[in-house]
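Starting off with a structure, shown below.
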Amino acid sequence: MAKHKDGVNVRELINEKKTTLNTNRLIEAFIPKFLMVIATISIFTTLGIILTLLFETVEFFKAVPFLDFFTGTKLKPLGENAQFGVLPLLTGTIISSVIAMAVAIPIGLMSAVYLSEYASDRVRRILKPILEVLAGIPTIVYGFFAFTFVTPILRAIIPGLEPTNILSPGIVMGIMIIPMVASLSEDAMSSVPNAMREGALALGSTKLEVAWKVVVPAAMSGIVASFVLAISRAIGETMIVTIASGSTKNFTFDITQSMQTMTAYIVEVTGGDAPAGSTLYYSLYAVAMTLFVFTLIMNLIAQYISRKYREEY
Amino acid sequence: MQIAVPERETKNNTSFTTNTPKDKKVVYDTKDLNLWYGENLALKNINLPIYENEVTAIIGPSGCGKSTYIKTLNRMVELVPSVKVSGDILYREKNILGKSYKVEELRTNVGMVFQKPNPFPKSIYDNIAYGPRIHGIRNKKILDEIVEKSLRGAAIWDEVKDRLKENAYGLSGGQQQRLCIARCLAIEPDVILMDEPTSALDPISTLKVEELVQELKKDYSIVIVTHNMQQAARISDRTAFFLNGEVVEYSETDKLFSNPSDKRTEDYITGRFG
Amino acid sequence: MQIAVPERETKNNTSFTTNTPKDKKVVYDTKDLNLWYGENLALKNINLPIYENEVTAIIGPSGCGKSTYIKTLNRMVELVPSVKVSGDILYREKNILGKSYKVEELRTNVGMVFQKPNPFPKSIYDNIAYGPRIHGIRNKKILDEIVEKSLRGAAIWDEVKDRLKENAYGLSGGQQQRLCIARCLAIEPDVILMDEPTSALDPISTLKVEELVQELKKDYSIVIVTHNMQQAARISDRTAFFLNGEVVEYSETDKLFSNPSDKRTEDYITGRFG
Amino acid sequence: MKYVDAAQVQKKMNSRLTVNNIAKSLFLAATLIGLVVLVILFYRVISQSMGWIDLQFITNKLSTMADRAGIMGAIMGTLWLMLVVAPITLFLGVGTAIYLEEYAKKGRLQRFLQTNISNLAGVPSIVFGILGLTIFVRAAGLGNIVLAGGLTMALLVLPIVVVASQEAIRSVPGYLREASYGMGATKWQTIKNIVLPASLPGILTGVILALSRAIGETAPLVVLGIPALLIPLPEGIFDKFTVLPMQIYYWTIDAALVAEYANLAAATIVVLLFILLVMNSIAVIIRNKFQRRF
Amino acid sequence: AACGNANNNGGNEGTSEGASAEGGEELEGSVVIDGSGTVFPFMSVMAEKYMTEAQEGVSVEVSRAGTSAGFKKFLVEDGTDFNDASRAIKDEEKAQAEELGIDVKELKVALDGLTIVINKENDWATELTEQEIIDIFLAEGGKKNWSDVRPEFPDEPIKTYGPNENHGTYEFFWEVILEEKDLAEGTNLQQEYSTLVDLVSKDKNAIGFFGYGYYESNQDKLTAVNVDFGNGPVAPSLDTIAEDGDYAGFTRPVFTYLNTNMAKEKPQVLDYAIYTMKNAQAVAADTGFAPLTDEQINTYVEELEGLK
């Protein structure tokens, strides 16, 4: 290897630095372990959530029988004869989520179909980011919007609608979730191969028929997964309902009424900081646990759907 | 599709009127067709009559415009946003490039089979029934009949008759391609366009599809694009040789392969290029 | 890389010891090499000595295992998780497939140039200095010298000397490829492996790289994979012809092209297939 | 035997085309609903904040008197919060992403981590609030200071950074890695010198999106307990603090006390939206500018 | 507006000399206050005044979880320094304080009139007797419709509203006025006063109760019921709300409770307490409360000075 008559001899330099090779080996052995520790922090977060909720939830169920909690239709956490039935909160949560989905699913899906099947590239490039802005607006702003704008309009239309009610925050929550449904569904539809569209178009289909009979069915799992994720998001949404639905613990299915969701209950009870040790305080954790389990199941379902039913085309 | 006429090249060097059979009915007549992808002229002054109940083969090297031409015949080429066309294509005497022509109607009359089999991710039955259904046929009994007839027509009935409810993706590539042909037969088209329908298939499936094409020409007019000259020679009645977006030669298949009148055709069919 | 020995095929039908020059030093000696991608045997019983200060060309049709082989020489093939190997590769008499062999050290001695130029998204200077730096050379003056020397070595110094701080992506494809060669020279390897280094380049750039290879063989041993038989004939001293993962023939380039001893080699170099 | 009756097809054709056209307009209208809401929302907050946003409003401290109240405290609180969230999420997020993409063997552990992160992304923010209250505020005894809020928010937005970083790392082409390995670089050298610099734009975009989420979050902070009246500006991560959304929250519910608070809330919303818009624009610019440089 | 109006500074120039003005000592540190939402307007204005006019270095944080919730944070180790309350401390709360060794000092800061509010469109129930009000809010009394109260009232259901059990106002109403009898079924209890104001202002059949300050800030949206305690209807106002005033029936003192351990430990806490008492009259007037007498104030100030 006598090829370096003049100048530096890199080979020699590299050989001199053999030590670097050794430190490199140490680093190389250390880094994966270190990164693994970092990666497990996310697991510890989940674990932390579960344990935090679990301990206090157990305390709660020492004071309130399990069955009373899940079948009780009366929630009166304060005052003399406290009662801890979670059903009013469950119905509040479910109803607001159902309203939200009733808004978000059709509009989101139609937007997705429009963006993926009808819109030109240019239109799509303009509209999609605008939709995403909608998703980035803080929920407190939506709460304000629901309370000061949507509710008064609805009250003008629907007589008997209470000033705080579950309908208005439900609708606004739906609007907030539209981009999520639209964007995820659009992704699913765009990944349907063009050959499928061409096949349908060549049979004389209109674009609607292509979209409805071919693309949407083919992308169904992605679309459904987007719905489930959106539901999970609606269940966990807090500020909109807190501001616009009041804190009445109504057990009812009348959407014109004020109702409280699980999330809003947590806000109310913490109310700046919750006093430790009381049943009221523990009820916070029991409700949070219920909420957590709910959303966890939704998220797992969404992941299961999109993994299991990944379309084979 | 914009119908624009930018700097038309009218070197009318392709004229095949001499060898036009007088007794054959013309299904498609292409007149002075030019097609641009953006600025790029992909079809140059095409003039080409297509005859009823014949198999017309289109051959030529890669990129010469075969697919573009066949996709112009059912206006699928419009899916590319930058496409511009000038000239006329008369289908059954009506200009399909006219504004008022409904492309859905055209495509109902003109079926298409693609290079890669593209069944829908549905059951075999629903694949076939798709076309009739969008045209408003809902009657279960009629649909059953159509499905059977189409599958028989595509010579695949025996292979699938016991699994009509199964997903089409469970079929082999060759079966999928025949399924796509059956799907296209289900709406009883007038013309069938095929863009290299066998290039993704194994030799045995290819043979089956070739036989099928021979069979189908009794009832349909077929235009088939192929890379494979032997295939063109085997199954077609008439062959057009495309080169760089132009029709170099168009005549009876026998004549074109045995006695090409253009040097370039000869070079191509003897494998000198392409 | 797992060193497993599943059902070894030992039809030792390739033996080139006859035409081995006695005066040449062997840099790499491959012995009974088999390589599997999962279940798929991609290299079959390879035996191949590579000589010092020669250009060794590897030719063969697509998929025959050329890239796989050359990537085995610096163990880059390990990046594919499913790879399994059996046999020995001796580099300077040490078995690089041994557990204790440090792959980083091997790759420091054996540079590689890829099919597509792949400069880092950094400045020209930083591209060249990358290797020395990772090997611990930080001294600015020494780095400057290395950069200049390497760029001169790759015959690109004059073209880039005024823009060393600019991003390498501003260079043309041919310049990028020479930059990659320079980058590889910067750590003064012993052997340079090149996998179709000119296939993404225009003819003029190709010529420059070919000239460079000729120049470099004075100081380095070079193994070059190429699709282009003319190129192999032009620049190599010795050529190996691969087919279906086997070495069909290996001899001096002149001999292989003028007087192949295997029918398949002859068929391939006369363009009968591939 | 003809099953498909041409006349019938013809007749049906027109209605099919009409339906298609109606559907198209309907779908477009659905898409535009979002746009309309956005316009209304912006119009409302902007018109309601008219005359309330000026330099004084930005630079003044909080006050019970509407014409004197400013949001400097909330802005500083938001800034300090970001100073906690950004480095933590960057470090944890990128570390996790590198581990998952480069080191973890494709197997159970990797899948478990990935599932866990997806789930964490879906946990309601208020539950994170409870986590923060229990662990950071109470157990660790930090109280409701910037650090406690920042740690809570960091865990909340961590999945965003992880997923964005994973995507960015995945999109670094294999040939760059190969080139680096080919020079004798070790895995970590390759990651540090090649993979991370090349994926930096994607990672930064993810961090900015995560920060904008953190800036807008209210629920977890409500749970942590932020005082309704806090006038002094926070001077470090160990101070008590308030942030823009909390200020909006309090002013919204206190509008019953002082009507002008509604205007202050609107004005604060405008400021918050402006900040978010700027951050998102930066993210978009980074994404467009550095996309596909290799 | 109660605490936002501009003439805030005008009326109280004389009293704004702070406790620290005498010492002239610069204090720092924080004072943490939680508790009553009713007292919050008073206390937040006081805190701001203190921080701008007396001690800039001190940070006074005011929250308003409600009287009862506030006590739970006050009566713990390392709890809050002050707890605002719209009712007096209960015996069990006192016991709790004793247990923890917290020495609690009650500071009455002003008087509030519990105000009964109705919708602006409600033109029939603008004057009610004390008993009628009680009957409306009681579960057992059968006053479900307005016409049950008086036959000439419309035959429409009464909708009752009030702050929830977190609030001292609720407890005062329930304990003192309803004498601990069950509240009417379906009474809409809310955490936030803003929600209550909004609800009553939008519901024609609404009747609700809360502190006078919240009514005063929303006179344009709500009507206050003039209450007949036996001597003819009395409108709540700063003049009638007094311990011996015409509105005395619904008048209650509002407090802040001081943790004297904290006051001894942290000079700023004590300083703030003294400052609060010295300025209580002026701030009360500005925030919808009736002021205490000079005599009461002086007693408190002296007692507090004694803690030094």
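Order of writing sets the chain letters: A, B, C, D and E. Residues in each chain are counted from 1.
We take it that a residue touches a chain if its C-beta (ideal position, glycine included) is under 8 Å from a C-beta of that chain, and two chains touch if they have at least 3 such contacts.
In this text, all values refer to a predicted model and were calculated from it rather than measured experimentally.
Engineer: Any chance you could name the chains that touch subunit C and subunit D both?
Structural biologist: Expected: A.
Engineer: Out of A-E and A-B, which chain pair has the most contact pairs?
Structural biologist: Most C-beta pairs in contact, of the two: A-B.
Engineer: Among the chains, which is located farthest from subunit B on the basis of C-alpha centroids?
Structural biologist: The most remote chain is E.
Engineer: How far, in degrees, do you have to turn subunit B to put its CA atoms on top of subunit C, rounded to the nearest 5?
Structural biologist: In short, 175 degrees.
Engineer: In whole angstrom, what separates the CA-based centres of subunit B and subunit C?
Structural biologist: Each chain's C-alpha centroid was found; their separation is 47 Å.
Engineer: Taking each chain's centre as its mean C-alpha position, how far apart are subunit A and subunit D in Å?
Structural biologist: Roughly 13 Å separates the two chain centres.
Engineer: For subunit B versus subunit D, what separation do you get between their C-alpha means, in angstrom?
Structural biologist: That gives a centre separation of 51 Å.
Engineer: Using the touch definition from the top, which residues of subunit A touch two or more other chains?
Structural biologist: 24, 206, 209, 272-274, 276
Engineer: At least two partner chains per residue is the criterion; list those residues in subunit C.
Structural biologist: Where subunit C meets two or more other chains at a single residue, that happens at 104-105, 108, 135, 187.
Engineer: Can you tell me which residues of subunit E touch two or more of the remaining chains?
Structural biologist: Expected reply: 63-64, 192, 195, 198.
Engineer: How do the chains pair up in terms of touching? List each pair.
Structural biologist: A-B, A-C, A-D, A-E, B-D, C-D, D-E
Engineer: Inside the complex, what are the residues of subunit E that reach subunit A?
Structural biologist: Counting only subunit E, the residues touching subunit A are 34, 63-66, 68-69, 72-73, 76, 164-166, 170, 174, 188-192, 195, 198-199, 201-203.
Engineer: Touching residues of subunit C toward subunit A in the complex: what are they?
Structural biologist: It is residues 102, 104-105, 108, 132, 135-137, 142, 145-146, 149, 186-188, 190, 218-220 of subunit C that touch subunit A.
Engineer: Which part of subunit C faces subunit D closely enough to touch in the complex?
Structural biologist: 74, 76, 79, 81, 104-109, 111-112, 114, 116, 118-122, 130-131, 134-135, 169, 180, 183-184, 187
Engineer: Please name which positions on subunit D make contact with subunit C in the complex.
Structural biologist: 106, 173-186, 189, 193-194, 197-198, 293-294
Engineer: Which stretch or stretches of subunit A touch subunit E in the complex?
Structural biologist: 78-79, 155, 162-164, 246-248, 258, 268, 271-276, 278
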